[in-house]
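These are the structures, in structure tokens.
Two complexes come next, and they have one chain in common, chain A, joined by chain B in the first and chain C in the second.
This part shows the complex of A and B:
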């Protein structure tokens, strides 16, 4: 639970900086002080403590990082983490795109209702939603029972404790974060461009591939990167819907902290994850910035 | 600004910390902690006037964090015995004041300078009768995919139990288990790895077996006892049941140490242990407790199945905890 919250913390602080930059606060630096103290106290200090622990516990030196980078198990967990995040991002984009397009062309009154439904799912407790997926996906769960009762399958499908389970559960949670930025981008596209394409004899698929897709790419990139970065640090959903073979970094960190009481190693792993996340976030800001620089789409 | 922070901090502190005359007991939740509340905390409060706040689940990382930060809000914690031995060595625990906690009747197997027994339990083989044809006779059958197909569930965390089960199933005699042959154990576990569903808590193990999500599993005997009491269609084999213990500890720097010691005296007393054992199906660590229990409750205890019973070696595990855990998680992640 902590990791996703931290991600939101990053998002918020960047958001704050951005609004500060555009609003030009009248109080100058003095007016910024409370916010800076808050960020310093609740973000910078803990991160520095984390970094410090990773190079001092149990002894000063870089042995924690050496252990993490030199060991096959940890390498596999890092790989798993990126694999899951990538799969989740791709599937989320594929599912979110048609929904976002539908929202973009819907009458506004209807669209706001559908928006409400999507947002509502975000307000429901994450753990509750994940447990609901367990009930649906397990071997004796709703989906398998229904399929077996109707004779579609005679053996339960392995939908849980594997990559399939993690992907389903996480895509569901990530969808709003993809749909919302995508709708914004799609709404900004002039519908006349599509009509023009049709008039020039383009098939619907050609119009999509040559017009809609390239024009929506900034939204896809922004949403995709957001989903990817958030997925990297996910804990609850992979722990409950995945198997031990799909272990992600956050779960490994929890094991190091809670079970092995090896806080130096856990801190080092958390710091590596943080650095990767920040790097990707910086990339996202550049992409968004680049879009702004060219005057939008 | 400072004032606001001070206010917020003060608010946080007063809401999370217990009042001076109260104490906090932390355990694993579920049916076990309920039984502990009723058998120990309620009589203790009635006799002493000290309120016992319940917290949980037990989290070793949190315990260490509290002790390291010098801000310990747990007074008595139910932990696994191998952890207690290791934690005492690492200086995380207060020594038990045996002037306040009468030691004479406590089972010496589960009493140390820094812990008194909470209860002891057996890992047994349990199965869902609807999902299994025939009766598994012992651990070896859990590794026989032809005779007993289906998912099997084991304890997820690195702890005494699964490694021993694999070795026993592979034919290692009970008296030759230690030192553990990890290579051999993991090789045996590899043969069923894709059919293993891991359980991470007692309630989950019950749910997996009761629903038939897993056909069999290695369960704590108290959880099987609770399933049977609820009328679930489960079978159990006590052949080569493996005993391990939970113990009660006081984290170093606990705020209400005196109250904690008084609580331990009640929890480990014959009456407290008898009441808890009757409610949970776990065995008492006070040697006088069984005399105070109804005869049919005694029959449900691991003590009734000493034939072929194997004591998991807590000292061996305390010694090799980290090394086994590192290999365990590496193997799981493969």
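This part shows the complex of A and C:
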């Protein structure tokens, strides 16, 4: 669960790492060998095999990619994947920001308890948590029953097997990955800066928009990209809480391989997902790097 | 009675069982430079924060031109403030920091430009307009903070220990800057510090805080030359306190008996004392003379140490009663006394000595 923080650290210190790497290159390559073998064996080789399969199965050629990119059904799955990832990212940011702000200004003892609760939820089994949402969200679930009992609604709300269900379930899963980097950024902001803004005449909203928001943007960007990338490839939650109408890419890949036994098409889809993810990660590195180069916050 | 410009009325602030400020009442005329001086935890910052609106007082009121400020949220009080740390907006350039209060007030662009140029001129940072705050020194950052706080012509400028994060040389430089800006703008300044020298240099008046109460309000001279209490005498400048027994007071002039049995008359008495009451006699180190004057009282001492401090010498001496005292004659006065005997008389004007309860 420390993935976002670690990732951010790598992104921040990329320059340093590069210089250290070049410094040690002549004599230090031998020490890196076990790690290189490990990465090669378990990451590079399977990815290459995947790529190979996508252009050879069932026959050599790019027909798998042509099918994926040319077919309207597959295009809809791609679109839907990006839509869900984008909606989840935006909602996660909106929910995480106030929580992170609260954590940042809370007394440290209390904050560490709340952190504990958040991390505990991350340690709970993913399936358990997703099934719990099914119990809450289904037509005869806790939420619909409570709303109907209190007379707020007459008919059960469609909360599951659609975009709403996927969004609720995935935002819940993604929140810690947004909150953790954001708290770090917000804690680095001097609260007196906001008092100064108030005395300068800024209303609470102006202080938020002109001071707090721009200062927290690096954290929002880091967490947001992390959540977006993770959402793109998510399988369990969309499969359980989503409907057939908004299938996501990971579900489609599973279906191609498990039900249709079409390894070539599945590999091609997986490879496209990998390329998009890596492009986004490169974008993140670039953005963070640019920020540091201009001496920004 | 004319209405005071800024008026603090019976201000009280309690945090649970701890009362940080007790019934502080103070009137501040327009254009005054008033300093809240006191040790840390004396309630001076709490009082300032109540005026800024960051702390709701438990009771009492703050009136600006007769109107209460308490119901006004901080961002509508139109008060300028400079903080201990610089609190500049790190993502905005110097010019945009100064422009910030004008932008949130939606002033026209031309006015913003002109005002920012004026303010940067006032603090002499014109050439730094496009820099980010992180690229400035501490002193420069604090000058930007000053420009930002003055950009919207606030009637009151609050300053909360603005120089405490700076080194000594910069402190003196910015003190001069603050005095000049006060002179040029005529803004009313409330300044918080625990540094008595800073308070003496800068202020028109000083309110000396102790344990949430104002011990004495007056000019620096008042506090130094006519301290109302032994706390004031001890906090401002250096003081010697000698144990003394009060005998009688006639018309504000007290007669006392010192520890060595000698009698001294004509002492300035602060308050009334009983015959035989234990008291403390306060004498400033520089009020001691080595030569007898026309109205001098005298004190027998043993010289323990003499050190040269440039314009003055510092003599550590011990009275017959065994108390150590600090004497600071000018170096010139001491010159002929280089071969000072270890036991000798020192002299002081009883009118420059003050009697306080023990």
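As a convention for this text, the second predicted complex is superposed on the first by the 264 of 297 C-alpha atoms of A that agree within 3 Å, B and C clash if a C-alpha of one lies under 4 Å from a C-alpha of the other, contacts with A are read in each partner's own complex, and residues count from 1 in each chain.
Heads up, the rule we're going with is that a residue touches a chain if its C-beta (ideal position, glycine included) is under 8 Å from a C-beta of that chain, and two chains touch if they have at least 3 such contacts.
Note that the structure is a prediction, hence the values are computed from the model and not measured.
Undergrad: Superposed on chain A, are chain B and chain C clashing or fitting side by side?
TA: Taken together on chain A, chain C would fit alongside chain B, as the superposition shows.
Undergrad: So, does A:214 touch the first partner chain B, the second partner chain C, both, or neither?
TA: Only chain C; A:214 stays clear of chain B.
Undergrad: May I ask for the angle at the C-alpha centre of chain A between those of chain B and chain C, rounded to a multiple of 10 degrees?
TA: Result: 150 degrees at the vertex chain A.
Undergrad: Is A:196 contacted by the first partner chain B, the second partner chain C, both or neither?
TA: second
Undergrad: Look at the superposition and give the distance in whole angstrom between the closest pair of CA atoms, one from chain B and one from chain C.
TA: Once the two complexes are overlaid, chain B and chain C approach no closer than 46 Å between C-alpha atoms.
Undergrad: Enumerate the residues of chain A that count as touching chain B in its complex and touching chain C in the other.
TA: The overlap between the chain B and chain C interfaces on chain A is empty, containing no residue.
Undergrad: Of all residues in chain A, which touch chain C in the complex?
TA: Residues in contact with chain C: 190, 192-193, 195-204, 206-207, 210-211, 214-215, 295-297.
Undergrad: Could you please specify the touching residues of chain A with respect to chain B in the complex?
TA: Residue positions touching the partner: 34, 37, 71-73, 76-77, 80, 138-140, 161, 243-245, 247, 252, 254-255, 257-263.
Undergrad: Could you pull out which chain C residues touch chain A in their complex?
TA: By the definition above, chain C touches chain A via 52-54, 73-81, 83, 85, 87-91, 100-101, 103-105, 132, 134-135, 145, 148-149, 152.
Undergrad: Given the complex with chain A, which residues does chain B contribute to the contact?
TA: Residue positions touching the partner: 1, 59-62, 64, 90, 151, 156-158, 197-198, 211-213, 322, 325-326, 329-330, 332-334.
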